[in-house]
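Okay, handing you the structure first.
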Amino acid sequence: MLTRDIQIRVRYKETDAMGFVHHSNYVNYYEVARTEMLREFGTSYKELEDEGIMMPVMEVSMKYLKAAHYDDLLTVRITLVQLPLVKMVFDHEVYNQNGELLNTGKVVLAFMNSRTRRACRAPKWFVEMLEKHM
Amino acid sequence: MLTRDIQIRVRYKETDAMGFVHHSNYVNYYEVARTEMLREFGTSYKELEDEGIMMPVMEVSMKYLKAAHYDDLLTVRITLVQLPLVKMVFDHEVYNQNGELLNTGKVVLAFMNSRTRRACRAPKWFVEMLEKHM
Amino acid sequence: MLTRDIQIRVRYKETDAMGFVHHSNYVNYYEVARTEMLREFGTSYKELEDEGIMMPVMEVSMKYLKAAHYDDLLTVRITLVQLPLVKMVFDHEVYNQNGELLNTGKVVLAFMNSRTRRACRAPKWFVEMLEKHM
Amino acid sequence: MLTRDIQIRVRYKETDAMGFVHHSNYVNYYEVARTEMLREFGTSYKELEDEGIMMPVMEVSMKYLKAAHYDDLLTVRITLVQLPLVKMVFDHEVYNQNGELLNTGKVVLAFMNSRTRRACRAPKWFVEMLEKHM
């Protein structure tokens, strides 16, 4: 299991007429957290794309416990549950600056060959790099 | 059970660098479908808001089966599973213009008093209106 | 000069904490209007892309006169100012369901060869098709 | 004149099917830059809202010179042109990590009393605070 904390500041654009962060934004926060987690491991999703790997999202599930607001400083605690084979599974907890848990969510991504647009296995170097941090 | 089909045209803005509709947009498509379903029943989410009711989203779960692309004409088949008491549960299936199932998802919303910002029951007139269409 | 009226329903997602449509959404409304205008002429932006033409936006200018709100039924009056050579210039006026003018804006797009990623001229068939409608 | 440099990492969600950052996102980058500039001055837009001041956008104009891509580290150079009276005018230049100028833009905001929803003057304390940094 690999866990990292990523901070994200809520943008005005992300609020809605209720005065809350619109519920569609959390998957984007998760995506930012994935990007930053990979960067901390010395690679990037961009590098995967350059190698001809895309990672479409296969499943999302989320629970909303408390609202986030404009200018909140969120912490996304992202956890890579296990080493990837053909899928990558991430768990997320989103906290505000008062340590309140606002949202939990799970995202499942597949590995896809960007040329053939077919499912494929995680690249060996990628799995080994993750393994080093486990 | 109440089911309606709502059509939505994919916007360029909704695509991403994979050339697909970004996965965050489906909850917005569901939201459009909820709005249009209520309109067909002779009311609107706006009317609920004017009565002091807000409906924050409590849970979302989605599966992505096939990608959508720019300018696709999507059909969101939205189903209200049962009469609401304190929550409203919707199921969704998203099809493209070739009848291919792209995405399925479930959304749970709560009723909230917009003044007190506390959970409340569905308004009586609202439940009765839905009942007429069941 | 070519003018068309395109209707767009405001989505909840497009509102912000002021209760207004967030100002970033108008360029998306313009984009929807461009798409629908081309469709009425018997072609599509998608068809251009399939021919290896992309149309990146070069300039945008907008004035905001009055706010739009959730569930407003907007009319985007889009005008193609002149036949395109290497650029396409559109003017827009956005009205709400009460006929109030909310926003005006201009968008300039370039033609780009999607393979070389360099500027190019408007395809001949495309200009001729527009000419027929002028 | 007041100038600050704000860094923003491009999110995957912000890309489009051309592989570029969609042109609608730049106004959001400007908005993030305004928020962070005010924070550096020891106040916040949130504080203005808490005092009953809203700042709707009145005008936007932008030029797009070069495309931004996923994971680019952008620098938004934001300039407050003059002390605000009833409007606030910001100029922006957006650079990528290679120092290339991608986009320039201007945003004009009004001060609005959030209760009466009418235009008002900039609060005295707010102008004085900006003056100290000029």
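The chains carry the letters A, B, C and D, assigned in the order they are written, with residues numbered from 1 in each.
We take it that contacts are C-beta pairs under 8 Å (C-beta built on N, C-alpha and C of every residue); 3 or more make two chains touch, one makes a residue touch a chain.
What you see is a predicted model, and the numbers here were worked out from it, not measured in a lab.
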Reference chain C; chain at largest CA-centroid distance: A
Gap in Å, rounded to a whole number, between the CA centres of chain C and chain A: 33
Whole-Å gap separating chain B and chain C, where each centre is the average of the chain's CA atoms: 27
Touching two or more other chains - residues of chain A: 12-13, 17, 24, 28, 31, 49, 70
Category of the chain touch graph - line, ring, star, complete, other: complete
Residue numbers on chain C that touch chain A, as the complex places them: 12-13, 15-17, 19, 22, 24, 69-70
Chain C-facing residues of chain D, complex: 17-18, 20, 23-25, 27-28, 31, 49, 54, 56-64, 67, 114
Chain D-facing residues of chain A, complex: 9, 11-13, 28, 31-32, 35, 44-46, 49, 70-71
